[in-house]
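Here it is, the structure in full.
Here the chain labels run A, B, C, D and E in written order, and each chain numbers its own residues starting at 1.
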């Protein structure tokens, strides 16, 4: 268990760093995909299948593929963008961000008390519980999201559709 | 298919005369377009398809003719006819189902020949005129997109002319050719 | 897209699928090396020269009249007349080459030949290893016996034999007539 | 020298490319469905065609220059190579023109055998067209192989009669080279009787098929006036509804003795052109039946001097070849070789409108339109 | 190491003697061996853990690659016979070694990478297409409790993995820097993305009925429990068969929709636009040769198997088949003929239908393909969902006529809507 966790986290770090640093946009998108799949792996490790599936379906299947098509279909992609990413003050920026990170993280770890025993003993199939939960307690929220999504879909189609001659 | 009778046409255009073999009409280049427009429109002919456009190359040649010279006794007179390129048009009428109306246009001289193009009136002339331009070198004015049809663009000469000498680029053959002249 | 057309089409392919196991009519493929042979009597490929009797060169019908060389469209036949030791031209070709890589098997040489000496062979396995020497058929390779001719084209061979016999008979008649007419004029002298 | 001057005719579509960057694709000589060596430079906006420029000449061997150096008789085997799918009709057109030039008569039996052979070649050509057309549509090989299976039987008949399956070189001026045996006529009868079953099976497989209908109807519509003006001939013209079949109008050879019908299309789109071929095959079978029924006995070639020397003159003979009006224009100056030998190629002239038909359609439609025009590159490039 | 091995061997001997005596349910032999091996690997630590996982996945890959080889032979033989010619019959008896010959040929072929192609993208595409193909197989219940991973959101996982295929196909198309493959890649995205909607919606009907997304639970639900446990062999047989979802009205419609969109997902015949060989040479596969092409080929076929597997599990009752309880055993669940026989039989029957379709139907155009997905399959899938909902709450004598009526009516309406005005299919041909 621990080994797979280490491998996945290494993948996550590599993916995140290379997404930012790579010159070639296409390779950057590939590393983004690697990042998403590694995160899905970690969810699987935590036995939360539904969240892992959602992660793969939404991020990897839809968002990632969308970015890739956008990048590949615009002709501006010429392989390497060529601009130099290093502004000369990058050292100070790194120092500042690290200090902010530790300033917030350390008090949070220090004050909160972690429960000693593992939270949940047996893991019964979560999908059924999730389904029940979604259908009973937060039905209005789901309806709202559904309407919002269809509106967005129709808006997208109207924009993309070629001008119809009346 | 019943052939056309040429009578109304020759009356309408007196400068048109039949050629040596009798069934074709020789038309001067400058009023070819007017004749073609008349043929397309007139009830008698209604030629709505131009089925065939051909180029024929005639070399300049010298012919003897019986002729009276100054003293009145017949002696052979050498008369050289300048070479020309002839474009033959075959018109048909699908409407009246009438036979070919053959019209010939002759150019004067054989180098940088310029003849009026029939492409604006008949779309079928488009490729055939391009082929004649490609193989005979006849420049058709008014043709929308005149370029070589069959040979590649950078080819200079006009292969179908009688005086064309093909380049000797046959590929290497170890056995000497036994045919006279050829080395392949 | 109400689907009937597609289903009818599927039925046809199914019928062909099961039909190919059943009816000879549908499955017409002939597997080449071991299967049947579809060469017909008239099928033609590359010409060959016919000779009578045993000795190929002596019994050759060809008299090197070069008619076929002139008439051949792609000019793939080459003939040289034979000379005997005293240099007198003989009625026989010393060299009779056909360039099989150029010949397209159009059978014009057969029609032009007045001596029934060149005919079309139906053997199509002519592959060789080199393009130049291998496909230049010289006289020895082209000469084939009349029996071979009878084997591959029975009717054509029979017809050409009859024509030759007819010509032979007419020549003998003319011979006899001239001898009779000469003998008739002899006694008056 | 690319010299496009003057004004475009009223029915020539001039295309203005908006500033969008267009995908230029060369559907080049190496393309699986160009039926030979033929290049189309296509400008694509997404999938729809903006502009299309055809390029010819990959198979050009200057057949007409060759014919000027050879005798009339020696050119006959080269006419096989013009439209190599139906070699006999090429021979027939050439023989017809030379007979008109040197006015040679043709005996009865030869005329009947010519009609039989001509109609068999029409069957072969139309079957191949339908097969390749559906193959372009996407059915990988099945209809094509049914067509090839039937074509094998006809090619066996050709080999039996003339000696070669495709390059037959069977017709001569004034008749035919060899007579046809009675067994040949009997097996020809058997084939003609069995053929309609194949056609019914083809109909059931293809004509009702929704995908074939939706893919080819309304695609590449050719109007009647544009077809006539562009010199389109053959089934492509009749698909637009123009009643112009040389077998009926010219009634050359003995076609006036057979009663057969000429099918005409309604819309002139790819589906009509495809259906036209199927219906014409049925008409050819009726002609074959009548010809096989009353073929007379008799000699098969009239007296012709071995080396033909026609008197100076010119002749334009044409026949209804399966692809359209195939014409030969011969000018003779009394010598053994023709002075000018011109072939009027139906395939090349039918291609004039390829650009006009394809503009505005999808990439997949150009393949269908190109397939329905039925061209053979040997005839286009000569 | 030596002592563990002979301990291992001794255990086998002892286990075999124990179990062979009472073979009460024959089809569970493999499961027994697997369970025993898993307990054995348990006490081997990390190596055992890896071996246990491998034991679950390696046979899966081996079996389905074997099926891939068999299907290529079946396809070429079937297409051959449809086209009235012999299929491959030169290599081995009846051409059975032809797939092996193809494999060796693919290995030996030179692997050409176009000079201006995007090297990494070109190399990565076949790798990425293998992932969804192989992971799709994990959720197929091949036999009674013979399943690689029986997690409870299996179906959702399968469709999520399926969406990665379009990513790798487009990457192949874009990376090989060739106009035709770019067009092929674009067609592939359009087709795969727009056919996922009908695919998922037609699968949701079954989830609604069974109540769980776990594939083995779905298969269990397709038995008529009362009949199976009864004693009469005839009833046992029918119980295993009549329970399939395909014999319900909504099930039949769902199966047809799923099968048609499966054809599209796997780029099979009427929808094989991405590699339409008559228009855009080989689509996204134009620049691939050698073993990369073979990988694409393998991935495509294994993907087809995965989707057909899902079709069988959802509608044709995965491993349920006409089967009786062996007389000598007392366990009510035992089956005489093992489950995986029926599963693979159904897969090859569906594969045969796909080959049959491939031999007959021409290809659709890209805009018709889109129209077919959005204007034909999607509305039918939604209507099927509604009808199934009503069917669930009605009595059977009232539900059946209602659903059959509604489904046929909606099919007719959708067909009429889709008939484009421009086209009139009945043409009259005048004879001059």
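The criterion applied here is as follows: a contact is a pair of C-beta atoms (placed from the backbone, for glycine too) under 8 Å apart; a residue touches a chain by one contact, two chains touch by 3 or more.
This structure is a prediction, so every number in the text was calculated from the model and none was measured.
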item	value
Chain labels contacting chain B and also chain C	D
Chain ID, smallest distance between chain and overall C-alpha centroids	D
More contacts between chains, D-E or C-E	D-E
Reference chain E; chain at largest CA-centroid distance	B
Farthest chain relative to chain A (centres taken as mean CA coordinates)	C
CA centroid of chain C to CA centroid of chain D, Å	31
Where chain B and chain D are represented by their mean Cα positions, the distance between them in whole Å	26
Chain A and chain E, separation of their C-alpha mean positions in angstrom	30
Distance between the centres, which are taken as Cα means, of chain D and chain A, whole angstrom	62
Residue list for chain D, restricted to those that touch at least two other chains	142, 146, 149, 205, 209, 211-214
Where chain A touches two or more other chains, by residue	none
Junction residues of chain E, two or more chains touched	82-85, 359-361
Residues of chain D defined as touching chain C within the complex	70-71, 73-78, 80, 142, 146, 149, 152-153, 156, 159-164, 167, 169, 177-178, 201, 204-214, 306
Residue numbers on chain E that touch chain A, as the complex places them	118, 120-121, 124, 151-153, 156-157, 159-161, 163-164, 166-167, 170-171, 174, 189, 193, 212-214
Chain C-touching residues of chain E, taken from the complex the two chains share	78, 81-86, 89, 356-357, 359-361, 372, 376, 415, 418-419
Contact footprint of chain B on chain D as seen in their complex	1-12, 56-57, 60, 62, 64-65, 226, 228-233, 242, 244, 249-250, 312-314, 316, 318, 325, 327, 329, 331, 339-340, 342, 344, 348-349, 351-353, 381-382
Touch list for chain E against partner chain D, complex	79, 82-85, 179-180, 182-183, 186, 269-270, 272, 276-281, 358-368, 420, 422-425, 427-432
